[in-house]
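Here is the structure we will look at.
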């Protein structure tokens, strides 16, 4: 198992390097520069000398290959560079924001799992029933809604009309602030989880070993607990892992809408002002996050399913 | 049965979008761009403006019809690009194997690791907002799953009799891929593409919200919704109808994709009966 | 020249809110919103080029001059008085005797010199550097040629002499928030995370991406102030979210977009608590002199006639703007109150186009960001109007970040922008001076000998009255030449909760408010008292 | 002899459908005596497996019993409350399935899956049940049972897995063992061992066996009596010896023809076998054969 773990973790590195290269290339040809973006709001006037000096200061006057070399060298020392805008280490900025994002993602996932998995389970127990149809139609509807739209509606209903919850912000990490953004972000994984759980459970329920279990004289509930749950879990874990990764992408929108101080909104803001080191660093961290989660999923998977380790 | 229901409702909604988009010039009572009279701004729905007007005084109904063209273009073209890339890479990697397979596999893993909205955001930043940029951004984003499916299907097909027979007959690689493999993996690919169309329409809306969508004057549902989000109090119709249009069309694509998958996958079918 | 204005003066001079000289209440918490982004990049205001961080420095720091929003001019802030030499170049400042920094250090001339040198230090490339270039020897220092700024001289701890290169009012440059005075005795590196200043509030906490909390500074040099115990400066960039939060009474102030402005005006519970001001921003579509049709003045005038600006302002911007007459906004003294805006007259526009040889019209693209009041939506609105006179216009969408670069490199047929046009008329009009490069701020590459002559005369003029008169003529000339479509001057609107008092109509930036003058009465929610 | 252990009387079974019920089994009747091994033989789809599932009460939704009785030790299983039936299943009537790979949960150790029997029916603790599972593995001649008990199914060969299934089925000393094609998926050599194992263990414990197979050879080697099923009907029943020496039904004769001659079974010689399909493909033959069925097939035309 340890060897398996190490191998899986080492596999992350080349992917990460290619992503780094890709992001570097993309953002070296992006139109607009940090220095020029400073006067795009029309508040200050353009000043070529200042721009030139700033570019020199930021090392943007160096040739591209040299910049990439410097970038990779820094990466090798786990240094993501310094923000153009804040002059702080990118790692510091990300560290400031990452925990809020994690908190949001975890909360959204907990919400999705706690609601989605049982729903999918119940639906699978009674396939074709009203409950099943409602759940599945609800799930596909949840997948069909623009998230910011849903978030806005939730905000209007629960914050403004009902006044139950605060509408925005981090609020020193209070749970009440977390609820609306987490629900909004959690709807997609919830829907997917309900669907995959249902499909997975149905799959398992039709498996031969479930018939065996029944033939042993096991009650329905014991069959579910002893044999169905664990086997359906494999699929659920995979979905959770994949969703956990892609949720960070979606979080960009949600964080922006709910003024949630996560790395998603840091990324969007940094793209907007062409604070390239932060953009690169944030994307790298997001990708690393995704890869690590997938590695973790593989490991959990291996722990659940003894057949995996052999491969 | 459920299977029929999915295809029926999904197909119906999709057909509605297609018909609306294609016939927009005849169905729409107003021009979506030029018939903007600020004197008419934010009128509630009535017999002239069925869905009311937006803040520019344009007919929301007409814009939604024309918007269907944009949404369809976004959905279809981006999925064609996705599918072409994914299928070409997937089949060739599965068929040839070797270093090419490793390369494609690595690339696929990289693409899967970058959340698609973030990748699209980066591409849009490079290309600038607009329809063509969006098509490219979304077209380059979501091919990895298609590629994986194409590759694994190819791998399993490669060892089968008729492919090997074609090889013995001296058919060229490309010809075998096109005639023997491609037709046999079209089912799942088609399902992916249909589901991808819904995702593309949603991505367009999300990018619009982030200020990177297709930009006016031509109406896209995402930008209509984004523009009207602050109007929800004053002119809710300007926000509700585009939102509904997105919801229903994506629902249509998703149901259609689900239905197609169910009917193409005999395993799923037996499970349902 | 002693221009310090007392609190009573400010309050009496006319903000609607403070019409009744109620006794300000001490204590309480203000939930202030910073609407221009979803993070504070730095707490070191020297390094910040943007408005966003000013929301913090406004509380924590002080500058040599400050903006008197009521009198509409810069006033001394950190000095009791200033003596000015006859040639208008040498200023001798007598610094506030009782001003102390948050760490207890008293304010001295050294602190000012230290701060200005840091701002101008070429190794830092700070945005405020160019403002130092108006001080004698500043340009050389910025270029790295000297180690000292020649024009900065300490007479004694509380007396500072500054020599300027031109007789222009130095307050405009030195009042900017990123010209803040830092204590010389504190390591500047800590300013980015734990700022120390002279301001009425002490830095307490920064939750990145969420908010900055500041608390009352007991030793603030203005004895009675601040009134508030605590200010939460909350990041809220998304307008619709801010709207919900404000209606939910979670925040005390909110800057409104045009749509919200309309709905707040229609809401009896909200409409009485709106603070409006004509901000010094001119929204315009600039025409490229490279693009052939725009080389003819009549075409540019025709476009100004063809667009019904008042209608767009009324219907699309919900009256959240004032129709622009010319380039300079109304609050500036160089604004000519007798001038009328271009009249909406499509027939005249057609005639002008015909005269210019464009009776069949022409096409052009407008490079535009998504901004709702000076971006693509406006282009969409003028599209049918210009279509009416035969001109086809297309928006060319661009990201906000790329606008500045695109325009200053001349890569456009036309662009739509909102440019700050105040408070200093001279520096604003410099942007149309032919010797100003397009890459600086002469975005339409305007070149007109008559204008140049007027501008040069104004620049050399020492008498403020005469200078204003020359600038007024130059501005009027600009209106006739129409290098841009003059769209509107922004009307900034801030909604505030009924318990908030002491807000001022700051024409430079309404969102920036003097926290030390704000107080809340006891009708505020329990949690804020 | 005495009372039959299992008495299936006029069992009818249908597939319910919106457009009406589709008959699957018609009027099936047979008896199994205590300790007897009874074989059910027939082509796949003839209804053998469905019959066994009906006895176990394990029919899935569209399938349902529409008539008849399944009397086991004097009580009609079809009328038993689900709870009672559950207690009976595994304890008194156990079952072995055809595919030992999929019939075992891939994510559980085999020990655990055997142990479940003791926990369910004998109220043993998991620790005790596991110890008993080792014994059970030993009794089905799994080598090294202490180690094997912690194995997952995928770590075992097909033959071992089927032994695990047998150990599981016989864990509670049932009175009746239903073996549904237990050797079909196995290698021929392994087949023989497994068959011998079932035979020996059941004989030793006096367990009656309902043995289902399409393979007449296998049936012949283990069963005392045989029922031949065809298209949902029991078309012929007799002592094994009598059946083989004198098959009365055309279908039975067809089956016999398809059987390699005794003794040459393992070698798969080149002699031509009669293709069973050629016998049954002709529908007219089918209808004709119905009329000579020993027991009622009045509405047989709907099959």
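We call the chains A, B, C and D, going by the order they appear; numbering starts again at 1 in every chain.
What we mean here is this: contacts are C-beta pairs under 8 Å (C-beta built on N, C-alpha and C of every residue); 3 or more make two chains touch, one makes a residue touch a chain.
In this text, all values refer to a predicted model and were calculated from it rather than measured experimentally.
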Subunit B and subunit D share contacts with A
What is the identifier of the chain with the smallest separation between its Cα mean and the overall Cα mean?
A
So, in whole Å, the Cα centroid of subunit A is separated from that of subunit B by 22
Averaged-CA centre spacing for the pair subunit D and subunit A, given as whole angstrom:
52
I'd like to verify one number: the distance from the centre of subunit A to the centre of subunit C, where each centre is the average of its C-alpha atoms, in whole angstrom.
38
Approximate Å spacing (C-alpha centroids) for the pair subunit C, subunit D
89
What parts of subunit B, by residue number, touch at least two of the other chains?
125, 128, 211, 229, 232
I need the residues of subunit A touching at least two other chains; which ones are they?
31, 152, 156, 256-257, 268, 271-272
Residues of subunit C that touch at least two other chains are 240, 399-400, 402
Pairwise, the chains that touch are A-B, A-C, A-D, B-C
Which positions of subunit B touch subunit A when the two form their complex?
2, 106-107, 109-110, 113-118, 121-123, 125-126, 128, 198, 202, 205-206, 209-211, 222, 225, 229, 232, 243, 246-248, 250-251, 254-255, 258, 271-272
Show me the residue ranges of subunit C that touch subunit B in the complex, using the header's touch definition.
239-240, 243, 257, 259-260, 262-263, 266, 308, 311-312, 314-316, 370, 372, 376-377, 379-381, 383-384, 387, 394-395, 397-400, 402
For subunit A, which residues count as touching subunit D in their complex?
207-209, 211-219, 222, 226-227, 230-231, 234, 304-307, 310
Which residues of subunit C touch subunit A in the complex?
37-39, 41-42, 44, 47, 49-51, 122-125, 127, 129-130, 192, 207-211, 234-238, 240-242, 244-245, 247-248, 250, 281, 369, 399-408, 417-420, 431, 437, 439-441, 443
Enumerate the contact residues on subunit A facing subunit C in the complex.
31-33, 36-50, 53-54, 56-57, 83, 85-88, 93, 96-97, 100, 152, 155-156, 159-160, 163, 166-172, 255-262, 265-266, 268-269, 271-274
